[in-house]
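Look at the two complexes coming up: chain A is in both, with chain B in one and chain C in the other.
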Partner chain A sequence: MNRRPDVSRPPADLPDPSLRVFAAMPGVAHLLMGRWRAGLNLLGFTVLLASILALRWDAFREAFSSSAIDDWVATRFLLIALLGCLVFSIWDARRISTPDTSAPSDITAASAKARSPYRVAMRRFAENTLAVAALYTILLFCLVAILAPLLAPYDPAAIEDPTNTRYLAPSMAHLFGTDEFGRDWFSRAVYGARVSLSVGFLAVIVAVTFGTVYGSVAGYFGGMVDNALMRLVDVIIAFPTFFLMLMLVSVFEASLVVLVLILGLTSWTGTARFIRGEILSLKEREFIEAARAMGLPHRIIIFRHLIPNAAAPVLVSASLMVGGMIGAEAGLSFLGIGIRPPTPSWGNMIGQGQGALLVAWWVALSPGLLLALTVLSFNLLADGIRDALDPKTLMRKYI
Partner chain B sequence: MLRFFAKRLLQAIPILIGIATITFFTAHLAPGDPMDMFLEQRRGRQMEPELKELLRQKWGLDQPVHVQYVKWIGNVAQGDLGESFRYRRPVASLIAERIPYTLQLTILALLFDAVIGIGIGIYSAVRQYSLVDKGLTVTSLIIYSIPGFWLALMLVMVFSVHLGWFPTSQSRSLDYDTLSAWGKIGDRLWHLVLPVFVLGVAQAAGTARYMRNRLLEVLSEEYITAARARGLREKTVILKHALRNAMIPILTIFGMNLPFLLGGAVLIENVFAWPGLGLLATEAAGGRDYPLLLATTMMAAVLVILGNLLADVTYAAVDPRISLEKRKPA
Partner chain C sequence: MLLRVENLAVSFFLDEGELRAVDGVTFDIQEAETVALVGESGCGKTIVALAILDLVASPGRRVGGRVLFRHEDLQKVSSEKLRKIRGGQIGIVFQEPGAALNPVFPIGRQIAEVLQLHLGMLRHDAEREAVRVLGGVGIPEPEKRFKAYPFELSGGMQQRAVIAIATCTRPALLIADEPTTALDVTVQGEILDLLRDLQERHQMAILLITHDLGVVADMANRILVMYTGKLFEKGPTARVYENPRHPYTKGLLSAIPRLGLGKSAPLTGIPGAVPDLLDLPSGCTFHPRCSLADEECTEFFPEQRVMGIARECACYKAKIT
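Take a look at the complex of A and B:
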């Protein structure tokens, strides 16, 4: 548990210079030098990308020359990521094997650096197996979303021969089976990951940004402004959020952008309340007084001095919110008013599965499992971040 | 007590006005005016411009927005929520029909949440770090993360379709009217099992997590050590000394859970074709029945306010440290 800080490790070198040939493979150099975590990460990621490239070579070639924007993004991302692994691996291996002269040689300075709150939090997070597993799952899903055109074995919208391909049970040809139109459910699920993840992330960004600005304005100016702004928050909190979303989605024609805005702009109240509380206590501190005395404009004080000091807990609530947003999008799409077919989203896929429950159980099963796994991962990640940042347990263990 | 209740009720009034205001401006920010929305309902039918103008006047749409707003607030205050496009009936009576169903569902789910959540929370806290505690913690996190509407579908598939233990949907059987009085109650409860379970279980998972942490916090207090030092039995220490103090904030949690329960009920009611407020709202949203949609959303908010009021009052009654007069507005 109490591993020594990373920085105090002596520079390492390859055990045998003749092994340099293998060290060109990303991660191998790290493994040979005993940096297991970095080595396995680099090696695993490279092997994953390379095997996608090799196994889906035909799809890659076709997508490479295609003019569609998502094909372009997927193929270029794959190439750049592979190249990035190679370059980073070599650069990092060199950095490790050469003694660091720029850093102070003083051992107390090094250990002070290792005990900086950020480092300590990172280390504590890395020790939390569940949270790390959740992080990997999320990264994997993000990768799937970006590389969707390369990974999907079929066109997600293709309705070729429904009489022969409808409601096929899961098999090697169709991992998740097919739906009533004979569409490959795995391909649709892969594309659905895109919608679910991007809506989730973007909506949280909207909510957290708006909530942070709103809450800090209320907390910083106080008095009448605070009173008026927070009364509005009281009113919005009274609405069951899902009803509010339902109303807004129905009134404004829901495109992807509108959906993101609606999800975001109905979910910022928690962040606003929290930030306001933080700002109220922060603004009494001396450094803010100093900033005021220097005559800095309100804008600079709020954005440069107040918000960064209240940011860490917001990060936790943001990662918790992603799961909720993905769930809300799925719920709306399930009801048929969020993302509408033919665009696949896990929510509308489950909705389609509801109608087929008696004849084809797999239609509802697979998108739901993916959805549950994603939301679970985000919740575990949030737990991990919170535990890692919690100063109460931090003190006890490391300082 | 009565004075406190009246005071809280008065404090709720500005929030109610705020809710009505937000709903009003949502309708007015929407692309197109209510007239067009109404016409959209009758697609394909031509309407003479004169008739259109007449309807506009009848609904007061020719007046400036602030006049319409004042009128709307006045109408809402009198319980007149307009007329549904689809049902051609006063919205208020439609909602009144559906509210009992939603209340049945949410109140039973809240009970389930309380009993199961608190029970599991206590058990986990007392056996902290045991295998059962770890298992329950992980299980509750998983259940908390599963989307309720999907869980509902899966349970329907297993318990209704394959095993045939519970009905797949609706709030009563087809032969409901022929049943005896007890049979009717039984039939109702039989239809409630799955929806209540799905709605309550996710909240119960959250409550269990909260309860566990809260009880552990209380158990590390000095007065618990003192109680143990006095030689009291562990059971007495936990049930009499720790639990009472851990329970108080749980009440607020139930107040906070209410919006989520109502929101979750929308999806669950859809899965089970349960004729509550949520199903009504979804139908209204799908059919662009704006008066109905706005009114159901408003009613849901009103239910949340009433629920929180109830939680506040109970909280004040249970916790002697809170002086009823000096409580600051939430």
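Take a look at the complex of A and C:
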């Protein structure tokens, strides 16, 4: 069951010595050994990072010595990622080119490994082109968000010469044009990605963590506990979520943290409900009875035995929720009660563009497209993960 | 005395009414001996095992009797202490090894987890000990198998892993609930050998629950015969096999095919079927299927009577012969 093509050509045995130097470039060794996917990924990522470094060298130098935390993170991330690509590709190329001796000797163990549910899911996901494209889009946006200080050509908040730069149409100098104050719209969109993505991810982490713990406690203990906890969920669900958010946002002063908490704490009920259902069926399984018979405390049974077994559906619902959260944040910011200018967020950028739609269409269009693309990508990714993890879809093909 | 079960009664409270799954079961287990609990499917054997550890799940509940482990009433000890006894002093092996292992953790971790919890070992020591335990239950290449997930193992290997989890803390009592039923015959023998071997090494008592009388003859010092939640007969295995007192035990034994019996001696089964536990016959619950039954049997359930050395039997018609 050796599925690796062409392991007989380690990089050390490359015919031409000049090629050996070339093989130090991340991904090249993989390509030479016929590992196309890994090679292209490594090579592409390295080239992307290196070209950012080269094209924005001045910005990099300035940010490197800056004391601002986001400059520090962006520059160090860029360097570590580049170094990481190099080290990983050398290590991985070595690993592939030396025959695996640590694997279990018998064939059944090896083929069992290849059939492990995790591997099967990975392979199924990789074959879903749309989901993979969505994953790349999301990763690209994440990279943009982290490297924002290096990528933005202008200060996103600077109002330099409003009379001359007001409402400039998209051009090479201003890729997405400028707004009524003459701010570079591309720079603001780049910084806006930070807000949208971080609110999306953090709110989902809050919601899923809270919902999972809440639902599994209700499901595991059952009876009165379950009844009390789930009736509270019913009460919360009875509030129209968006209006609840509106109310909360107007009570508390909206900042990123407050927004994350409000979004997270109003949307955990769905997760709690279906985790409870999962736990209700899981706890009747014999291995939970066995865990109780071995005297394991409730805490360990819930967190180490029940929740990991319910992880797959949680992952699917979490990835579906991210898109919704980003949309909700944009909605609140659009209405002017989420992230407030001058901090850019795609939501408040669309809001700003709404008034100028007939004068300067690009102001609303670019953040709108970015938002739509992001939400769409998260939904496609969630679909891909669900199909990959669902044992009912096409499992047979891979066993 | 290691374990004493006194007048144990367990009921399930269903919409249709109270279902008495275990009724007045009394027996005891000495240190390092093997006691077999036998009976047809659905007669309450597993419920006895769960009730010993106070694990009967709702809608079931223990409604009477006591379970004494080393003279301590398990219903009166604190829940913390009960947790320590479960897994620490009393291990349990379930029928379906594939279902009794957590599918998302390597088997080695599952053993180490129990060691960390009950023996207070540090993670590193627990993992090393887990490898040793895996080797001790006859799993080849324990260092590699430590990282194996349950689905990567065969049924026999899975059952060995389950036994390893149940015995890694050196419990004084192992409850083995149909440990070989889900396995094929050749593997059955190996698992029984393993249990005997562990018993010898750790001086561990075994409560063996099974419906396979062949297994019992091999393993058990004493036998308890159960029917409709009640004990019908108790005694040393050899003597019960030689000379069963209760008509039900006689029926069970005559239903075992044996080599060398020839065609002339047809197998005899017990007529009829196990009654519905919600609608038990009056008096002795076996009387509708019993050839010796008369008026007397339909009125009250017979008391356990001492019939011979260390033997008891609940039947009006049984005679000391």
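The definition used in the following text is that the second predicted complex is superposed on the first by the 379 of 399 C-alpha atoms of A that agree within 3 Å, B and C clash if a C-alpha of one lies under 4 Å from a C-alpha of the other, contacts with A are read in each partner's own complex, and residues count from 1 in each chain.
Quick note on the criterion: a residue touches a chain if its C-beta (ideal position, glycine included) is under 8 Å from a C-beta of that chain, and two chains touch if they have at least 3 such contacts.
These numbers were taken from a predicted model, which means no experiment stands behind them.
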Chain C versus chain B on the shared chain A, clash or fit after superposition: fit
Contacts of A:Leu357 with chain B and chain C, given as first, second, both or neither: first
First (chain B), second (chain C), both or neither touched by A:Phe287: second
Chain B versus chain C as contact partner of A:Asn309, first or second or both or neither: second
Arrangement angle, chain B at one end, chain C at the other, chain A at the vertex (C-alpha, nearest 10°): 90
Partner chain in contact with A:Phe334 - chain B first, chain C second, else both or neither: first
Touched partner set for A:Leu365, first chain B, second chain C, both or neither: first
Dominant contact partner of chain A by residue count, chain C or chain B: B
Nearest-approach distance, in Å, of chain C Cα atoms to those of chain B in the combined model: 15
Residues of chain A defined as touching chain B within the complex: 231-232, 234-244, 246-253, 323, 327, 330-331, 334-337, 350, 353-354, 357-358, 361, 364-365, 368, 371-372, 375-376, 379-380, 383
Contact set on chain C toward chain A in their complex: 53, 55, 57-58, 82-88, 91-92, 94, 96, 99-105, 113-114, 117-118, 141, 144, 148-149, 151-152, 162, 165-166
Touch list for chain A against partner chain C, complex: 104, 109, 112-113, 116-117, 222-223, 285-287, 289-297, 300, 304-305, 308-309, 311
Residue ranges of chain B in contact with chain A within the complex: 14-15, 18-19, 21-23, 26-27, 29-31, 141-142, 144-147, 149-150, 153-154, 156-157, 161, 258-260, 262-264, 266-267, 270-271, 278, 281-282, 284-286, 288, 290, 293-294, 296-297, 300-301, 304-305, 308, 330
